[in-house]
Amino acid sequence: MNNKEHKTLKKRLHEIIYEADTPAGKLFDVILLILILISVLVVMLESVESLNAIYGTYFQIIEWIITILFTIEYILRVFTVKSPLKYIFSAYGLIDLAATLPKYLGLFIGKTEALLILRSLRLLRIFTILKIARYIGASNHLIRAIKASRAKIGVFVFAVVVLSIVLGTIMYLIEGTANSGFTSIPRSIYWIVVTMTTVGYGDIAPVTALGQFFATLVMIMGYGIIAVPTGIVSSEYSDVKKYKTNTQVCNNCNENNHGDDANFCHQCGERL
Amino acid sequence: MNNKEHKTLKKRLHEIIYEADTPAGKLFDVILLILILISVLVVMLESVESLNAIYGTYFQIIEWIITILFTIEYILRVFTVKSPLKYIFSAYGLIDLAATLPKYLGLFIGKTEALLILRSLRLLRIFTILKIARYIGASNHLIRAIKASRAKIGVFVFAVVVLSIVLGTIMYLIEGTANSGFTSIPRSIYWIVVTMTTVGYGDIAPVTALGQFFATLVMIMGYGIIAVPTGIVSSEYSDVKKYKTNTQVCNNCNENNHGDDANFCHQCGERL
Amino acid sequence: MNNKEHKTLKKRLHEIIYEADTPAGKLFDVILLILILISVLVVMLESVESLNAIYGTYFQIIEWIITILFTIEYILRVFTVKSPLKYIFSAYGLIDLAATLPKYLGLFIGKTEALLILRSLRLLRIFTILKIARYIGASNHLIRAIKASRAKIGVFVFAVVVLSIVLGTIMYLIEGTANSGFTSIPRSIYWIVVTMTTVGYGDIAPVTALGQFFATLVMIMGYGIIAVPTGIVSSEYSDVKKYKTNTQVCNNCNENNHGDDANFCHQCGERL
Amino acid sequence: MNNKEHKTLKKRLHEIIYEADTPAGKLFDVILLILILISVLVVMLESVESLNAIYGTYFQIIEWIITILFTIEYILRVFTVKSPLKYIFSAYGLIDLAATLPKYLGLFIGKTEALLILRSLRLLRIFTILKIARYIGASNHLIRAIKASRAKIGVFVFAVVVLSIVLGTIMYLIEGTANSGFTSIPRSIYWIVVTMTTVGYGDIAPVTALGQFFATLVMIMGYGIIAVPTGIVSSEYSDVKKYKTNTQVCNNCNENNHGDDANFCHQCGERL
């Protein structure tokens, strides 16, 4: 195989692996997607003891086949990409590696060693699902809206945490001696979060009249608080969508963030 | 009965069955609605063992009467519609058939055969309620808003599923050995969804300190995540409504933002 | 007391009772508000057996005092209002009557008669709180937004009910034989509503793998569905607010629903 | 140390303590933040009996160190600020004092006295976390949106409370005799709030068919009600954001809807 043939092969493989325009490329994507789903399914089912007892060996075989296929995929990706190092240390590269490595590492750990490590390695394989991130990508608006709201939601979450600590302590004072599960401040804070987010497990619940009255206040408060992140995302999302519709870029200064009704660039005054 | 009379009868029946403009048509609709509600109610009450033991035979009689009436309705619909085949294979046609068929099929299945099939057939009759879909229809905006958000909500649901699988596995690692219900990854994922959607049954709840801390993080995360679909629908719905409002454009000043009930341009007073 | 004095007294009393502009009128309102709150509090506490055993007689005395005061208020309202009949059959008039009547009716029912009736009468007094409706009133926007969304929310609620019946039946098929609380279709529908609205008591919870998988789907669906009413109210509320700012009424046709930027009436073209 | 030196020192300390522009000021802020977090963490862990039994003395030592540091901070703040009295009686001043005082007060309370007071004092220290409020501050929009919605949310909460009392009483009537936890009206109201806010502990749940049917109605109602505060905040937040965007008005065409970063009018190209 001379150098030219090598180039062509590399180029063709690149097209198949990294693009989805050709039939071969599409087929590759579909097969990869199926393998990812099988892999995740097997790890999940393996954790169900009753199933693992019966089908354990089949699960092992399937896992080894998929791991080897993923390894081949990884090697091909490194081989066909222009700058292998850049790929290896990219998020996608690390995820692809993480999808294969744990299975191999498992071989080097003897049965005599800590089971917890083995188990953790086994479960690490669930992160194979992150390979799927390649196929989401699309929804730019959503991501932009979330990014735009990030700072405000951060402040909001911080305020909720502070509020939870204060309310949790008050609840601990009220119910602490009532033998109702509020045995420490951290547990009371856990309960406050369970209540304010309207999850409400019921594993801990107030039993005193005062505790129940206070719980009622916390719930109604939570009602109002849940409105805040929704309002933020809702509003930011509307804004992001508005900006999108306009794809005009100023010829003079390359500013591209123009409103829908803009006739002139708001940066330099150039007619759009 | 000659051909002309036949035509007229067919036309009159079509008016009664498919339209609601004439008094007879309205009466037909009201009777049908009542029959649907009775039918669904009977299937529901039949499943309550204590009631079925006493009123079982009455339920059977009511069901047979309604089934026969629905059969007549179905035959009339096929008979009076212009293109019977199109109706038969339309969603409405299939629903109308599904509302009658299970009862007849029940006759052909002997008592010696699997009870599960009989029971399933019996319950299939609850889908009679889908006949009611004819009377909803109206809310075009809502449906348009949901359709417009579908793709984004799809991506969102997919991202939530991926997140649930990853978080569920982490939770399984944390609580798996703590004898607290997190016995397998699928169950842990079930718990994550129960928590993130703020349902919170409490059938499974973390017992370790680390598990409760992690649960707190998941809940606060869920708080932020629930804002996303709301923001999407809210924003899309506002957009859809805007488009409806009016498509009139003033001939004089080209203002186009008129309300539904506007007869004159609010900018220049020109008649629209 | 001649007729003129009578008129003046009636007018002054009307001012005190129905208006809040004068100091006496304000005082009347504050006293009434306090009486309402005490009345409701007493009915609530009376239902706590441990408290009723000790303070029962005090509760009775307070109730009689308040009932007599409310009776005086009712008589004064009838006496001072311009058209007594209109007041008596208005919502406020009926609520005012309902706040006093049950206590008197209680006298005519001997101890030998059904306790349930007595108890119901007693509890009817909690509706005294509806007297407070007089003091809310204000928030026109909110009410207008809710009214504007009513039809759509109605359709939405109807669709949710249909969906709940269908999903409840499916859940009954899945979990019905698993001894997990899904003993009948109505109970399964109750569970679906508990789940879809993210309440999640946990009194009934799926135990089979398939049931839990289906529950997961229902929860994620509920996640999306909860976004719909929020989106509707949010959007309608924004609209209502926009319209509010403009209080212009057309001199020609009395149309008052003009947008903020309207210079001409959109009904008749008259300059505003 | 002469007067001038004193002035300079005071000024420098003021810069370090109250501002975050200089490296020393930033360092001061970071150290303070860490101390606050440690302080809160220690109070929380101290309430966990198993941890307090082992590390109790260490907790005491850390608390004393931090209390002394906070005392020094408080004295320095009073000393360096322009108007000490204004600071002392400001919210920040009171919070700073409240972060140190409980520890000292604990010294004056002998062991023979009521443990509850000691315990309350101990827990008061959790309010140290309010010192952190200095570092939030930022999110003006959010606070403005919440302020703008306050009156409406107030009315809404009031309406929810009235509704809860009425519905709670009805539920008490339905389930009161069914031995299912609805033992008094206050408890029933507590349950209504738990249900309507979609928290749903499950500590109290209806057992009668009628009770479950009524619960279903309450849940669907709660579904609609939760949309209201969200709609309000969402709408107000959008408004507040609009106002911020920009207050520039074009001199040429009077267009005033410019983005934050606009230098030229997007309508006519005039420099703003």
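Think of it as A, B, C and D in the order they're written, each chain with its own count starting at 1.
Convention: a residue touches a chain if its C-beta (ideal position, glycine included) is under 8 Å from a C-beta of that chain, and two chains touch if they have at least 3 such contacts.
Quantities reported herein were computed from a predicted structural model and do not represent experimental measurements.
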Mutual neighbours - chains that touch chain C and chain D alike: A, B
If chain centres are mean C-alpha positions, then the most distant from chain C is chain A
Since chain A and chain B are copies that touch, is their contact same (over half of the numbers shared) or different (under half)? different
Whole-Å distance, C-alpha centre of chain B to that of chain D, is 41
Just the number, please: Cα centre separation of chain A and chain B in whole Å. 30
Taking the mean of the CA coordinates per chain, how far is chain B from chain C in Å? 29
What residues in chain A touch two or more of the other chains? 186, 189, 198-202, 226, 230, 232, 234-235, 238
Considering the complex alone, what residue numbers of chain A touch chain C? 198-202, 230, 234
Could you please specify the touching residues of chain A with respect to chain B in the complex? 40, 43-45, 47-49, 119-120, 123, 126-127, 129-130, 132-133, 136, 138-139, 141-142, 145-146, 153, 157, 160-161, 186-187, 189-190, 193-194, 197-203, 226, 229-230, 232-238, 241
Contact footprint of chain C on chain D as seen in their complex: 151-152, 155-156, 158-159, 162, 165-166, 169, 172-173, 183-186, 189, 195, 198-202, 205, 209, 212-213, 215-216, 219-220, 222-224, 226-228, 230-232, 234-235, 238-239
